[in-house]
Structures are given as structure tokens and as C-alpha cells.
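You will see two complexes here that share chain A, one where it goes with chain B and one where it goes with chain C.
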Partner chain A sequence: MKQNWYKILAVILMIYIIIAGMLIPIGPGIVGVSHGNSSSIVAGESITLKVNGYNAHYTSGENKAFLAVKVKDDDSRYTIAANNIQVIDDQQMEVTFTIPSTSPFNETKEAGLFIDNELDGFAILPSAVFINPIGKIQDGAKWQRDQALNLHARPGLRFPFRNILIETIRNTHYHVSIWMAMFILLTTAAVYSLLAALKEDPIYDFRASSITSIAFIFGLMGLATGSLWAKYTWGAFWTNDIKLNMTALSMMIYAAYFILRSSIPDEEKRAKVSGIYNVFAFVAMIPLLFVIPRLQDSLHPGNGGNPAFGGEDLDNTLRMVFYPAIIAWTLLGFWIANLYYRFKKLNYKYLFESV
Partner chain B sequence: MLGQIFQLIKKDFTIDFRQGFALTSVFLFAVTTVFMCYKIFGDLQGQAWNAVFWIIFLFAALNAILRSFVQESGGRELYYFSLLNPIAVLLSKIIYNTLFLFVLGTLTFLVMALFTGNSVREIPLFFMTLSLGSMGLSIAFTFVTAIGSKSNNNATLIAILAFPISLGIMLLLIKLSADALGLINDTSLQTDVIMLLAINAVLLGLSIILFPLLWKN
Partner chain C sequence: MNKEKNKRVLTLIMGKKTRLLVLSLLLTHTAMAQDGSSDFFTSIGKIYVVVAVLLIMFAIIVGFLLFLERKISKLEKQITDESN
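After this line comes the complex of A and B, so read on.
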């Protein structure tokens, strides 16, 4: 029982992430707006936007709608409230804005749409429309600056709504966590490999190679889940994204590890040589996965130098499932690797007894 | 140790010149491949020039370095082991291979310039890329050859081990050389060069740490 705590923990966490990850609903949001002719409006005219919501309750509770324009790079916003809101059903409504003829800016600006509902809290659609002030710059008295919008708080337990992701955001618990677990497994395997190389002991080599096998399978699973995710968000199973290509490369490096192992029949020699290669492969993988992708543009979140876990993409509800998911996948990986290791060790011992 | 490295480089150099076929076969490989590509493409410019040059360089480099540990027979290895510092053996191979690859790359460049005309606009940048590439490929391939020579079917295995490891370096080299050819305008030139140097340094450090383990057999 004492040795089995991690297996029990893995199963409990796994059940938790499947149930919580699948059942917690996505928070309310705006999928998009349809505007009559063009998304650009001229100051002084009015526009009617048909808002398509997601998981929203427009028929119950009071609705408010705003257009907000950021004039400078600082956080000061100019807002204008809708003069007519017509709710069609829970997920649809029509809002009409009349843009004042004088504007506080003199070039075409994008305006974000804010929808506030008593039940759902507020939702934002960035760059919903473009406002062309036709050069009339004035104080823009009808636009309200930095006004307290009195938005309602969002309801409690919801995964964040992200426009293209929508329901696929749940894949964070699989795709991202499996990658994390893979790194942990590979690091452990590199340590065991170093021990195998130093002591020339096949036992360490069995540990290292079984953990690496499971990490490799996790890598394939990470690619498969990522591929599916890419199909539903970016539109293709494989894109020319730097992270994907570097990952494919790392997988090839580790595939070569298994080929190397199979070509050396003697266990002790194999322990040493493949141990050395594993350490070499692990270190060669680090720039491929952690350095080069950060220096180039990528479709993945956190491109161009930022780590992937910005405050906007991972909120507390997601963390509540995401962190246990990393632990669960890691423990599950070690569990399978342990079984494989024991199989290899038994095989090795049987080989000696039968001689 | 410096004396040992120097003596070993001198020894490799002498052997390669005495058995002329080793050197000439690699150079002949490069020249015939360039000629064949020239006949296939007719006119090699820009992107195609870049691709052909680096592919020829990669395969010629692999052919050249394959010899470095495989050619040492069992008896000679034992003799080295009793006599020499393993790090000196490794460093001498790496330095010799770096020089060899640089000469090979320069020769390939000259032959390609002869057949197709010079497409390289920034010669200094191109030769800096070539020298960094020679260094990187030499470090990676030499170490992988050392690993592969411990297994049974080494020539195929070394190719399988070497290509994935060298691909990261190759991608950076191709980018830098595309910049030298004027195909792209690389805004992060300095970062790329530093990154290439960093990868080379990491691989070199790792080889120096791990090679003594591999050596005592």
C-alpha cells in the first residue's frame, strides 16, 4: 500500500480532470457580430449590430452594450452606450449605436464591443467595428472618457471564453499537460541514463529506456492532440509552425535512440552507449524546444519571446484543472514506465537463469 | 595536452595525405554532386543554390567525418587509450574535422561559383556562416561517430543518429546563408549567430564531459 500511493493519486486525479475538465461550462462570450454592409462606420451615422453570444442568457436579466475605443496606448478608453437593444433570444440580440458626429480621434479606430448582462457578467469582442471620424477632431463631448461602466462580475466556476478556441480550450488539460509530463519524464530518463553510463549497470539503463519509451509515446500523444486542436482552430492538421517542426525533430532524435539501442546486443555496452546518447539527445533537444521557438513567430500562444502562460490565457478555473492534470499525467507515465521496467528486469534475470 | 592535440592533428593530416583516396573521394563526391545538380537545374540561383549547397555540404561532411573513429582499428585504439588523454583525442578530431569541413565547404562554394556563377552577395557573412557550420557539424558528427563506432552496423546508424541532431544547426545555417545570398533580410542576424555559437558551445561542452565515459571500454 505504501508503494502504491502514487498510483491511487494518479487514478483519483485522472478521474477528477476528466470529470471537471469536461463538465465545467465555458463562460459566456461573444462569438461574433454581423453588421449590415461593412464593418466600418462613419461618425454621425448609426449602425445596428446583430450579436451572436455563446452560453449567454440575454432574455433574462438586464443587458447593457457599449462600444469602446482606445485612443492612446495607455488604458484610457472612450465609450459610447447603445441607444437601442433588442433581444431576439438567449444567444442573439440586436444593438444599435449612433456614433456622435464629433470624435476625440482623427483617424479610423477599431472599437471593441462590451456586452454586460446581470446574470452572465460582461463579455468583450475586440475590434467589432471600425469607426471613421472623417477628420472631424473635436473634444468629443458625447464620448465618455474613462467612465465607470458598472459591469457585472462573471459567474463563478467557468472556463474562460476564447474566441476561436471556444470549447476546445478543454484540450489544455490534455495537450499541454501531456507535454509537461513528457518533459518531466525525459528529465528523469536523462538522469537515469547518466547513472547507467557512469556505472555501466543495465538496471539503470532499463529504468532510463522504459521511461524514455513512455515519454516518446506521450510525445506522440501530444502531437496527436495538438494536431486535432490545430484542425479546429487553425484549420489544418499540420502547419508550418516553428514549434511543430522543432517537435518533429526532437521526436526523430529520440527515435534514433531506440534504433541505437536495438543495434547493440550486449547489455552492459548498451547501457553505457545508449545512456551517453540519451544525455546528449536531451541536451540537444533543449534549444530546439525552448530557445529557437521563442525567437520566431509562432501560432502558439506566447510567440515572439513570451512564455506561453500569460495571465490572459490561463485563468484560475483553468489552473484548477490544469495543474492537477500535469501531476496526473506524470504519475501515470511513471506508473506505466515502472511496469515496463519490471518486465525488462525480469526478462534480463530470466536470461541469466536459463543459461 | 596541447602538445598531444597538435601531434594527433598532425598524425591525422599525415595519414589522410598518405592515403590520398580518403581526401580525394570526399572532394570528388562534392564536385560530381555539384556538377550533377548544375546539369539538372540548368541555372542555379537563389533558393535552389542555397538548398543544393547545404545538402551537398551536409552529406559530404557526413562522409568525411564517418572515417574519424571508424578508421581506428581496435589495436590502435587500445594504444591511444594507454597513452593519451581522451579529451585530447576528441578535441584533435573535432579541430581536424572543422578545418577539413571548412576547406570542403570553400571548395564546394568555388566549384558552384565556377559552374553557376557567384550568387553570394555578402561573402564575409557567408564564410562566417560556413565556419560556424563547420564547427557545429564537426562537433555533432564527431561525437555521434564516436557513439556509433561502438555499435555493430555503424555507417547506417551514424547517419540515423547524426541527421536529427544536426538539423537544428542546419536550420540556423540555412537562414544565415539565405541572408548572405540576399534572399531574406534577417533582422535578428546577431541573435541567430549568438544562438549558433551557443548551440556549438553546449554540444562541445557535453562532448567533452561524456566522451571520457565512452572512451574507457
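After this line comes the complex of A and C, so read on.
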């Protein structure tokens, strides 16, 4: 029972991440707006935007709508409130804005749409419309400068709404955490490999190779799930995204590890050679997965030059499931690796000791 | 002898099961594709993408366990053959 604690923990965490990861609702958001034929409005005209919400409750509670433009010159936000809001149903409403004829900016600017609901809190759609001021600038325009919008906070336990991602933000707990677990597994495998290369005992090689196998399987899981997700997010199963190609490269390096192992029949020699190769593969993986993706932009969510999670991208509700998910996948990996290790040990015993 | 036969039958069924699973997955996929291309996976905020991700992960883990099981059965067979 004592050595089974991590298996029990793995099962409990697995149940938790699947239930919490799938059942916590996504916060309200705006999927998109539709309006006439042109995506830009000229100052002085009015526009009616048909807002498509997600998980929203427009029919209950008071709604407010704003268009907001960020102006870099004076580093402030200009807003106008909607002059008419017509709620169609819970997920749809029509908002009418009259753009003042004078604007505090002199070039076409993108305006974000803020929808505030008493119950749901606020939702933002960046670049909802483009506003063309036709060169008219005047101070004292009807745009409100840096006005407090008095938005309602989002209540309850909810995953954040992200456009395009929507429900697939839940993949953070499955696709993203499997990569983290793979990295933890490979780190331990590299340590065991070093021991296998230095020491005579064959069990280090069994540990190292079994952990590397399951880490490789985790890598394949990451690639397969990411590929499916990419099809419905980026439009293709495989893109030239830097992270994808670098991961594929490091997976190939590890695939060569297994080929190398199978090509050496002598147990002792295999332990030494593959142990050293594994350490090299691990060292090669670090720049491929952690350095090169930081030098280029990636399509991955949360990546803008730097793939580390910023405060904006991983909020506390996601963290509540994401960190346990890393532990759960890691423990599951060690569990399966342990089974494989025990098999290897028995196989060795049978081959060399019983004869 | 009987044991061996049983095993052979078992692997045959196992093979058939996996084949059936793959076939049914393919069929459901084509069925989904017929009613409006990618509508199924993009419906309800793409929640089925997450479901499919979980299924893929489960399938790959089970696949690895089956691989392990086959190795263990082979060793088991070797040991029983030798002791006989």
C-alpha cells in the first residue's frame, strides 16, 4: 500500500481534471458581430451591430454596450456608449452606435466592443469595427476620454472566454499538460540514463528506457491531439508553426533512441550507448522546445514572441485544473513506466539468471 | 495446446475488435462529414474537439498497454514452455 500512494493520487487527480476540466463553464463572451457590407464606419454615421454572444444571458439583467478606441498619441481610451440596445434572445442582440462626426484620431482605427451585463459581467470583442474619421480631428468631441465604464465583474467559477478557442481552451488541461508531463518524464529518464552509462547495474537502463518509452508515447499523444485541434482552429492538421516542427524534430531524435537500442544485441553495451545517447537527446531537446520557439512567433495561444504563459493567458480558474493536470499525467506516466520497468527486469532475470 | 489455441482465438478477437473500432470511427467520421462538412466538430463552441482529444489520448494509452500486455504474454509463454 505504501508504494501505491502515487497511483491513488494519479487516479484521484485524473478524475478531478476530467470532471472539473470538462464541467466548469466557459465565461460569457462575444463570438462575433455582423453588420452591413463594409467592416468600417465613417464618422458621423450610425451603425447597427448584431452581436452573437456565447454563454450569455442578455434577456436577464441590464445590458450596456460601448465602442472603445485606443489612441497611442495620448495613451488613452476613448469610448462611446450605444444609443440603442435591442435584445433578441439570450445570445443575440442588436446594438446601435452613432459615431460622432468629430474624432480624437485622424486615421482609421479599430474599435473594440464592450458588452456589459449585470449577471454575466463584461465581455470584450477586440477589433469589432473599424472607424474612419475622414481626417476630421477636433477636441471636445463626443468621445468620452478615459471614462470609467463601471463594468460588472464576472461571477462564479468560469474558464475565460477566448475568441476562436471557445470551448477548446479546456485542451490546456489535456494537450498542454501532457507536454509538461512528457518533459518531467524525460528529465528523470535523462538522469537514469546518465546512471546507466556510469554504473554497471542494468536496472538503471531499464528505468531509463521504460520512462523514455512512455514519454515518447506522451509526445505522440501531444502531437495527435494538437493536430486535431489545429484542424479546427488554424484550418490544417499540420502547419509550419515553429513549435510543431521543433517538436517533431525532437520526437524523431527520441525515435532514433529506440532504433539505436534495438540495433544493439548486447545488454551491457546497449545500456552504455543508449544511456549516453539519451542524455544527448535530452540536451538537444531543450533548445528545440524551449529556446527556438521563443525566437519566433508561434500560432499557439498565449504566444507573442514568448511562449511562456503570461498573466493574461492563464487565469486562476485554468490554473486550478492545469497544475493538477500536469501532476496527474506525470504520475500516470510513472505508473505505466513502472509496469514496463518491472517487465524488463523480469525478462532480464529470466534470460540471464535462470539459465 | 488448449491454452495456446485459446490465446490465438483471443488475439484474433482482439485484432477484430480494434479493427471494428477503427472502422466505426472512420464510418462515424464520414457520416459527420456528409451532413455539412465540419459542422459537428465546430458546433457548441468546438466542444467535440475536446472530447475527441480525450478519446485520442485514451486510445493511445490503451494501445501502449496492449503493447505491454503482448510483451508480458510472450514472456509468460516462454517461462511456461520451459518449465513444462
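We adopt the following convention: the second predicted complex is superposed on the first by the 341 of 355 C-alpha atoms of A that agree within 3 Å, B and C clash if a C-alpha of one lies under 4 Å from a C-alpha of the other, contacts with A are read in each partner's own complex, and residues count from 1 in each chain.
Just so it is clear, a residue touches a chain if its C-beta (ideal position, glycine included) is under 8 Å from a C-beta of that chain, and two chains touch if they have at least 3 such contacts.
These numbers come from a predicted model, not from an experiment.
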| item | value |
| --- | --- |
| Simultaneous placement of chain C and chain B on chain A, clash or fit | fit |
| Which superposed partner A:A256 touches (first chain B, second chain C, both, neither) | first |
| A:L198 touches, of chain B and chain C: first, second, both or neither? | first |
| Computed vertex angle (chain A) for partners chain B and chain C, CA, steps of 10° | 80 |
| First, second, both or neither for A:I264, with chain B first and chain C second | first |
| Partner chain(s) touched by A:K272 [first = chain B, second = chain C, both, neither] | first |
| Contacts of A:F280 with chain B and chain C, given as first, second, both or neither | first |
| First, second, both or neither for A:N171, with chain B first and chain C second | second |
| Which of chain B and chain C A:Y350 touches, first, second, both or neither | second |
| Shortest CA-CA distance in Å separating chain B from chain C in the superposed model | 24 |
| Contact set on chain C toward chain A in their complex | 38, 41-42, 44-47, 49-50, 52-54, 56-57, 60-61, 64-65, 68, 71-72, 75, 78-79, 82 |
| Chain A partner contacts - residues on chain B that touch it in the complex | 140, 143, 147-148, 150-153, 157, 160-161, 163-165, 167-168, 171-172, 188, 191-192, 195, 198-199, 202-203, 206-207, 210, 213-214, 217 |
| Chain A to chain B touching residues, read off their complex | 197-198, 246, 249, 252-253, 255-256, 259-260, 263-265, 269, 272-273, 276-277, 279-281, 283-284, 287-288, 291-292, 295 |
| Interface residues, chain A side, partner chain C - complex | 18, 22, 26, 54, 165-168, 170-171, 174-175, 178, 213-214, 217, 220-221, 224-225, 228-229, 231-233, 332, 336, 339-340, 343, 346-347, 350, 354 |
